[in-house]
Each structure stands twice: as C-alpha cells, then as structure tokens.
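Each structure below is given as structure tokens.
One chain, subunit A, appears in both complexes that follow, with subunit B as partner in the first and subunit C in the second.
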Partner chain A sequence: MNKKRGQQSIIFSSPPVITSTANIVGPMEGEGQLTEFYDKILEDTLDGNSSWEKCESKMMEWAINTAVNKDNSVLGDIDYVLAGDLLNQLMSTHFALRGIGRPFLGLYGACSTLAEGMLLASTLIDGSFGNKTIAAASSHHDAAERQYRFPTEQGVQRPMVAQWTVTGSGAVVISATGNGPRITAATVGKIVDIGLKDPNAMGPAMAPAAADTLWHHFEDCGRRPDYYDMIYTGDLGSVGKALVIELFKAKGVDLSANYEDCGCMIFKDNQDVHAGASGCASSAIVFTGYIYRLLMQQKLHRILFVGTGSLHSTTSYQQKDSIPCIAHAVAIEM
Partner chain B sequence: MNKKRGQQSIIFSSPPVITSTANIVGPMEGEGQLTEFYDKILEDTLDGNSSWEKCESKMMEWAINTAVNKDNSVLGDIDYVLAGDLLNQLMSTHFALRGIGRPFLGLYGACSTLAEGMLLASTLIDGSFGNKTIAAASSHHDAAERQYRFPTEQGVQRPMVAQWTVTGSGAVVISATGNGPRITAATVGKIVDIGLKDPNAMGPAMAPAAADTLWHHFEDCGRRPDYYDMIYTGDLGSVGKALVIELFKAKGVDLSANYEDCGCMIFKDNQDVHAGASGCASSAIVFTGYIYRLLMQQKLHRILFVGTGSLHSTTSYQQKDSIPCIAHAVAIEM
Partner chain C sequence: MFDKKISQAEQEQFQKKYEQLKPKTPILKNVLWAFVVGGLICMLGQFLINYYISLGFSKKEASGPTSVTLIFLSAFFTGLGIYDELGRRAGAGSIVPITGFANSIVAPAMEFKREGYVFGIGAKMFVIAGPVLVYGISTAILIGFIYWLRL
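Moving on to the complex of A and B:
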C-alpha cells in the first residue's frame, strides 16, 4: 500500500520509535534557558581541540556515541547513520563518522538536516531496510561565523534581525521496536525562494518555506494545527516566527496558540543574540533535550517538528542570488 | 521481512525500475570517448550564464527536465528528487531545484552522490513511499577548480596523479513500475580514511573505500565478482583503479576481467587530463549515457555501479587533516 499522502507527505505504516536521544552544547547555550535538558555542556568552544571545526566534529561523535549508550545498544547495532552539518563538504560530520565506522549517508539540508535525517531514517525503518538508525546534526558558532560571514575574532556588529548560530550537536536513535514516541508521519519540503537576498536575515527568508511545508502537511494528512499539542519550527527566530503566524493568519488559521520556534527557546533575553538562535544544532539540541523529555514524560503527546534550512552559500551571495529555503516536517506521537 | 543483508547491504523485495536517464556535458567531455552517449553537449563552459556555478545549476535543471520528458512523465509525477553536487552548500543543486518545484532531499556524498541518491530513491520506491523519484548529480570543472584548489584562470600545473573534474550533470528516473533495468541490491558505504593527505591524489585515497564497499557487497549478498558482467567505480582514475585491482589481488580475487572506472572512460588519451576524470558528473554521465544504453540494448545484463567520494574540504586540508572517503554501490540487472 502506498504510504504517500497528497503531494508531499508520508504516513508510516509501522511508525518507527525514537528510542533515545543525546546532545552536547557550548558554554553559552549551557547558560541559556534549557540548561537542565543538555547531556553535556562544554566549558569553552574548543574543548581541547586545535580548531572550532574539530571541536564540532568531536561534539557530533560524542552525541552519537552517547545516544547509542543511552539506547543500551552498541555501534554494531546501528544499521545506518544519516547526518550532516553546515560546514563546506560536511567537514565536522565526515570526521565524526570516521570514528563511528557504520554505514553512512551524508545529507545537506542546512539547518533542516536533523529533520531530513529523521524523515529518511524513518523510511529506512518503516521500509524494513534495518532495525536501528541514527540521525544527527551539528553546528558551531565560531566555525559557521568565519565560513559564512567574517573572521570570528573580528567581532563584526550584527543587525538586530540576525540570529546566533548554536554550538552543539544532537543525535536521535530511531528503531523498529522499543519504547518511546513514534514518528507517525512526515512531509518532505520543496525549495521556496521569495527573492530575499540578505544572509543576515535568514528567519524572514525561511518563514515562507516553513509555512509552505506546514500547510501541505495539514492538507496532505487531513489534520488541523490543533491536532498537535505543539508545533516547533527549527530556527526561524523571533522575526521568522512572527512571519509564519502572519502567513497563516492571512489564510484564516490561528497558529499562535500551539506554535513555538526552537530558535526562540535556547538563549535568555540578556544573552544579546538579537533575533534568536540558528544553525543545525538549534532544532537538534531542543528536540533531543527539551521536546524529547516532555514527550517521554507524557507532558506532550503529539508534536510536529519542522526543520528549517536556508540553502544559500557565500558564493551564491557574492553572485547576488537570492536565498533558496526548505523545511521538512516529522510528526511525533507518544 | 528485513531487507538488510549482512552489515551494509540491502536486497530489494520489489526492485525499482530505472525508467529513463538524461545527461548534459561540457565541450571537453563532448570531444571525449563517449560523445555518442550524451543528450546535449555545451559549446562553452558558461553556456550564456554569468558564472560557472550558474551554468552547473542550469545543467542539472536541464538533465532533470529531460529525464522526466524521456520518461513520458511530467514534473508533477515525481514524488521526490534526491540530488547533490560538489559546491559549498550544494549551490548548483539548490538553484536547479528552485525551478523544479518538487519535494527535495539534499545529499552530500561528494562524487558518490548519484549512487547515494539512486540507493535512497530505491528505498523510497521499494518501501512504498512513492511511485517515481529522481536521483541527480552535477559537477563543473571550472567551478570546482576555483573552490577546491586555485583560481581557475591561473592554470596551475597539476601533478600526474591529479584528475580532471567533469563538467556535466546526469539524472535518473527510478520508478515502481515500467520498463528498464532494475535496482536489485545496494551496499551503503562506511567512511574509510587511510591517512592520505594530498587533495591532488584523490584516486589513491578513495580506492580503499571502493574496495571496502565492494568486498562487503560480495560478502553480504553472497555474490562473487563474476556475478556481474561489469563492475564500474565512479572516479578513481587510472591510479585508483589499479589500486583497487591490487587490493583485491592481495585477497586472492582477480577483479581485472570485468572491472572498469568511469573516470578512465570519459576523456581521450590526447586530452591531457593526467590520471582521468573525477567529480560527481564522472559517474553520472557515464551511467546515464553509456552504461544505461548498453543495459537497455541488453549488451550488459548485470552491473554493479559504485559511486566513490572524497569527503575532504579546503578547511580540512588547511588544518592538515587526512581525506575521509566513501563508496556506495547499487546492483542493476536487466
């Protein structure tokens, strides 16, 4: 029986189980709003490594190993790892996976990577291609800053619409059997590009992609927003989040009651990050920490997790092109 | 029933069909050995675009649209597109997909991307998540050269072990039903890094990853190399190909009778590309042209297609790290 629904969605026939998660964050994230939900908080952004990129790589390796340990599994039990990050040629992922030694599928979805990985991992489990998979993603503020913008040490002043790339990594173990919340449905995003060109304003660029995926999810699956206790987007920040609410309001749907953005949940107001958090790790650390614990405690029963990605590069910006964006959604029910 | 075999492989229960392919190449590829197998040959490497990156993007968009046309389908029939390229943040893929408007999953597997995409597309079809998918990949010599090495116009002298990045793109339509060769099995690669650090010598770095995936494929699937009429690796070039043959010889297996590397098939000897062709498009244009036509003509009946990827970045090279590599295999039978 075809599991595709509508134009972009999937209903899983044997919903895969999220049997464990793990995360690790940098010091600034550790001082934020969700301190109690992190497995490990680094004391500095190098953690004894010779570069920020290598630190990010070690964070992902730690997150994957810790998620496997928490699952009472060993690496040999893992059939596939699906992972990615923001760095050119997925530098931190590839060097992390060198130490893992399991079958690996590299993904690039910018900050939507964890959701993309969870979605594809779920198809591999539900399609009977294996029993246990890992989806993982990472980002590092200092490594991303110097790659995408300016030398990190330069400390360039940032506009108020800008967001702060999260330093951290999250890993999710998705299994055919076991205890935990289940991934019941998913929606694969299309590229949406409304012509914005400012790489400092990724929230506004990504908001239409998030709204498009949300809209198709509801339509394809025959669900309304209130089917979910909460809907979480990945890293739209305060500006992008407000735009998503506006876009739905224009269609006559009120999303404000049960919608939050992970990028607005990580840092405290006095941490001066402007419009909020961004980066692959934004949704990755909030999902693997706060959201997963609330699901396990049955404080949340049904959520929609929407990874959001800004797919520009420094080259596309220099060539004066606009910012293509994407969002992938996974529905998780306890 | 679990379709996983051994540690890394999959046997499909309803083998997906490759119902069409398309490709497009640059002028130098068009003057090479496989001229008659290309759908379109550009007259220059810009083709009216303002940058090489934009030209690469347009090539991928053309390849996807042409593959859909040849399939007698329309874009609306395509359930998922899985694609990637070599550029930072998959620049050419994202801008190509902007014009396609279908659900999209971004992949990064360096030059193994087409095989990774065909593998994942096959799991989506065999797992009943849709009826029609596209896997696509591209590379552009001039865009890759300036990103990975030196300003292209500088014309830096290359060592004899170096390969020439192919300008081109290939797209493959993989369907649940229809006529054509079927993808019967696949093997997902692990990261293999033997410590080589010279980004000019990617063939020798990738050869152990290719040999590892080949070895596990034979072991997992209970097949011997002579099960296949031909085994094709993606872009090891003459040096990497010789190493794969040596690695198998050391295990007592002779691979020389039915093994070829796509990187050795594209250019003529007098085109002065040193160790052969490389880039995502190396395996993509050979598979979508030469190999697919020979399968359709029943001149080949069973082949193993092994995409090979060198996963380094300029940053990892500058930080003096070695080159992690990967190879993914798909078995195709007519």
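Moving on to the complex of A and C:
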C-alpha cells in the first residue's frame, strides 16, 4: 500500500512510537524559560573539554546514551542512528558516534535536522526495516559562531533581528512498539528561497519554507490548523514567527491561535538574545524536553513539529547569494 | 504556497513585509552608548598622554607609549572576556578607537589557538584586521602619491 499522500506527505500505516527522549544544554539555556525540562545543564560551554567542538560531540553522545537508558534499552538494540549538526563535515556528530558503534546515517538539514531525522526514522520503522532508531541533533553557540560569524571575543554589536545559537543536544528514540506519542504523518519540505541575503536574518528567510511545508501538510492530509493542539516551528524567532502568521493571513487562514516557535520559548527577555534562539538544538531541546513531557502528561494530544533549516554556507553569503531554506514536518499524536 | 519559481513580485512583497516586521534598531540608545564609551576611551588616552608628558616625553613622543598602553589594555580585557561585552553595547564606540583594532586581532588569535600556532594563531590572527590593513595602507600610499605630485 502506498503511504504517500498528496504532493509531499506521508501517512504512516503503523505509526512509530517515541519511546524516550533526552537532552542536555549549556548554562545560558539552563537559565532560560524551560529550566525544569532539561536532563542536564552544563556549568560552562567547555565542560572540561579542550574545545567547543569536542564539548558539542560529548553532549550528543551523552544525549544518545541517556535516551537509550531511559528507554530501558541498550545500544545494541538500536538499528539505526540518524543524526547531524551545524559544523562543517558534521564534525560534532561524527566524533560523537565513534563511541556508539551502531549503523549511522549522517544528516545535514541545518536546524531542521532533528525533524528530518525523526521523519526518516519513522519511515525506516514503518517500513519494517528495524525496530528501534535514534534521531539526534546538536549545536553549540561558540562553535557555530566562529564557523559562521565572528570570533566570540570580538566586540561586535548584533543586529536586533539576529538570533542566538543554542548550545545543546537532543536525542529521540523511535520504536516500532511501546508506550508514548506516535508519529502519524510527516511532510517532506522542499527548498524555498525568497531572496533574502542577510545571514543575520535567518528566521525571516526560513519563514516562507515553514509556511510552504505547513500549507502542503494541511492540503495533503486534508487537515486544518485547528486539527492540532499546537503547531511548533523550530527556530524562526519572533520575526520569522510573525512572518509565517502573515503569510497564512494572506491566504485567509488564521494560524495565531495555536502556533508557537521553539526559538521564542528558550531564553528569557532579559538574556539579550534579540529575536530568539536558533540552531539544531533550538527545536531539539524544546521537543525532547517541554513538548515531549506535555505529550506524555496528555496535556497536549496532537502536535505538528516543524524543523526549519537555513541552508546557506559561509562561502555562499560571501559570494552574495541568497539563503535557500527548508522545513520538514512531523505530526505527533498521543 | 511556493510551488512555482518564486517571482520577483513575490520576493518584493515578502521583503516589504519583512521590513515592516523587522525590529527597529534602538538608534538613540546605541548612539549614546557609542558616544559615552568612545569618549571615555579617548579621555583615557588624553590622561595617558598627559601622564607621559609629565614623565618628560615631548607631546609628539607621548603618543607612542599612549597607543601601546591602550592596545595593551584592550588585549588584556579581550583576554578576560570583557571587551566583547563592552562592544555588544557600545558598537562603534569601542570598535573605532585603536582598542577596537587590538580587540579584532587578539580575539581571533585566542579563538584559533586550538588549531595550533601556525595554522591557527598565525593564519587567523589578521582575519578581521587584515582587510583594514590592506585598504588602510593602500589608501595611505595613494594619498602619499597625490601629496608627492602636488609638491
């Protein structure tokens, strides 16, 4: 039976179960709005490692191992690991996976990586190619900053539209059977490039991609926004979120009632991050912490989780190119 | 929603919406910060010049040790992780004086130490200051040439 629906979506016939999640965050995230939803908060951004990149690797390894422990499984039970991060050549992920010893597929979806991983993990499970998979993603503020922007000690003034890359990692165990919320549907995003060129304004650049994926999800699955208790995008920040609402308003659909962006949920206003959080870990730590717990407590029953990624490189913006973006959606029901 | 190739009109429409929703830069606050911090750095420079003159340097000679002291202080506070906090608020106020130039050399030097002394510090130290030097020196040569022609 073909599970494809419409142009871009999939309805799973035996919806895979999210049996456990784990996350780890840096000190600044730990002081933010969602402190109680994190499994571990680091005291500093190196955590005893000799570099930020190594710290990010360790965070991902810790998140994967902790998610497996919480699932009462062992690493040997995991059939596939699907993971990625923001650094060149997926540096953090590849080094983190050295100690895991399980079949691995590396993903680069920028900040949409966790949603992309969950989507692919679900297809592997629903297609009976395995019983247990892990999707994971990580980012590290300082490591990302020095790759994409300025050295961290450089005295620069960030524009108000800029977002703050989250230090953290999240891992999700997706199983064929078990207790927990189920991934019932997914929508694969396509690249949307609205022509914005400012690498400081990634949330606004990603907004059309997020709106496009949401639009197709509703169309393909024959659903309306109010089918879901909440719709969460990954890291559009306050400006990107407002733009998504505007894009839907232009089509005559009101999204503002049950829509939030993970990037607006992590930091407090007084943390001076400007337009919100970004990075793979933005959606990863909010989903694995806050959203998953609310689903387990049955405070949320149906959610749509949309990972959003800005797929530019340091070379592309120096060559004055615009920013291609993507968004992937997974529907999760308890 | 965006199924066909995005048209110029769609791009412009979105750009317009974005400009509307974009948070405004707090210009007054930024300018005040830049004015006060930039002014204080210059005032510190003046104190230093006066101090070196009192030690017996001529006014012209005193500018050398003054610059050296300011550069040292900037490098020192960059190392302590304080200068970037200042720059975050003061913007051009702490970038334009010589202390900002020192910060832009020390910051990458610190950051890329992990990649070693040659490919890290050596190669990356001038990653931000380099362009300033290239165009600064080129302009100086050009102006010098014009000056020479006039004589």
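Quick note on the criterion: the second predicted complex is superposed on the first by the 333 of 334 C-alpha atoms of A that agree within 3 Å, B and C clash if a C-alpha of one lies under 4 Å from a C-alpha of the other, contacts with A are read in each partner's own complex, and residues count from 1 in each chain.
As a working rule, a contact is a pair of C-beta atoms (placed from the backbone, for glycine too) under 8 Å apart; a residue touches a chain by one contact, two chains touch by 3 or more.
This structure is a prediction, so every number in the text was calculated from the model and none was measured.
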Which partner reaches more residues of subunit A (counting touched residues only), subunit B or subunit C: B
Which of subunit B and subunit C A:Ile41 touches, first, second, both or neither: neither
Subunit B versus subunit C as contact partner of A:Gly155, first or second or both or neither: second
Partner chain in contact with A:Leu75 - subunit B first, subunit C second, else both or neither: neither
Which superposed partner A:Val253 touches (first subunit B, second subunit C, both, neither): neither
First (subunit B), second (subunit C), both or neither touched by A:Met230: neither
Partner chain in contact with A:Leu311 - subunit B first, subunit C second, else both or neither: first
Which superposed partner A:Ser50 touches (first subunit B, second subunit C, both, neither): both
Partner chain(s) touched by A:Asp193 [first = subunit B, second = subunit C, both, neither]: both
Overlap of subunit C and subunit B interfaces on subunit A (superposed complexes): 50-51, 193
Partner subunit C, residues of subunit A touching it in the complex: 50-51, 146, 150-161, 192-196, 201, 204, 208, 211-212, 215-216, 238-239, 242-243, 246-247, 251, 272, 274-275
Touching residues (chain side subunit C, partner subunit A) in the complex: 1-2, 6, 10-11, 14-15, 17-18, 21-26, 30, 78, 81, 83-84, 86-92, 94-95, 100, 103-104, 106-108, 110-112, 114, 127-128
In the complex, subunit B residues that touch subunit A: 1-4, 7-8, 10, 13, 50-51, 53-54, 79-80, 84, 86-91, 94-95, 97-98, 100-110, 116, 119-120, 123-124, 126-131, 147, 188-191, 193, 311-316, 319, 321, 324, 326, 328
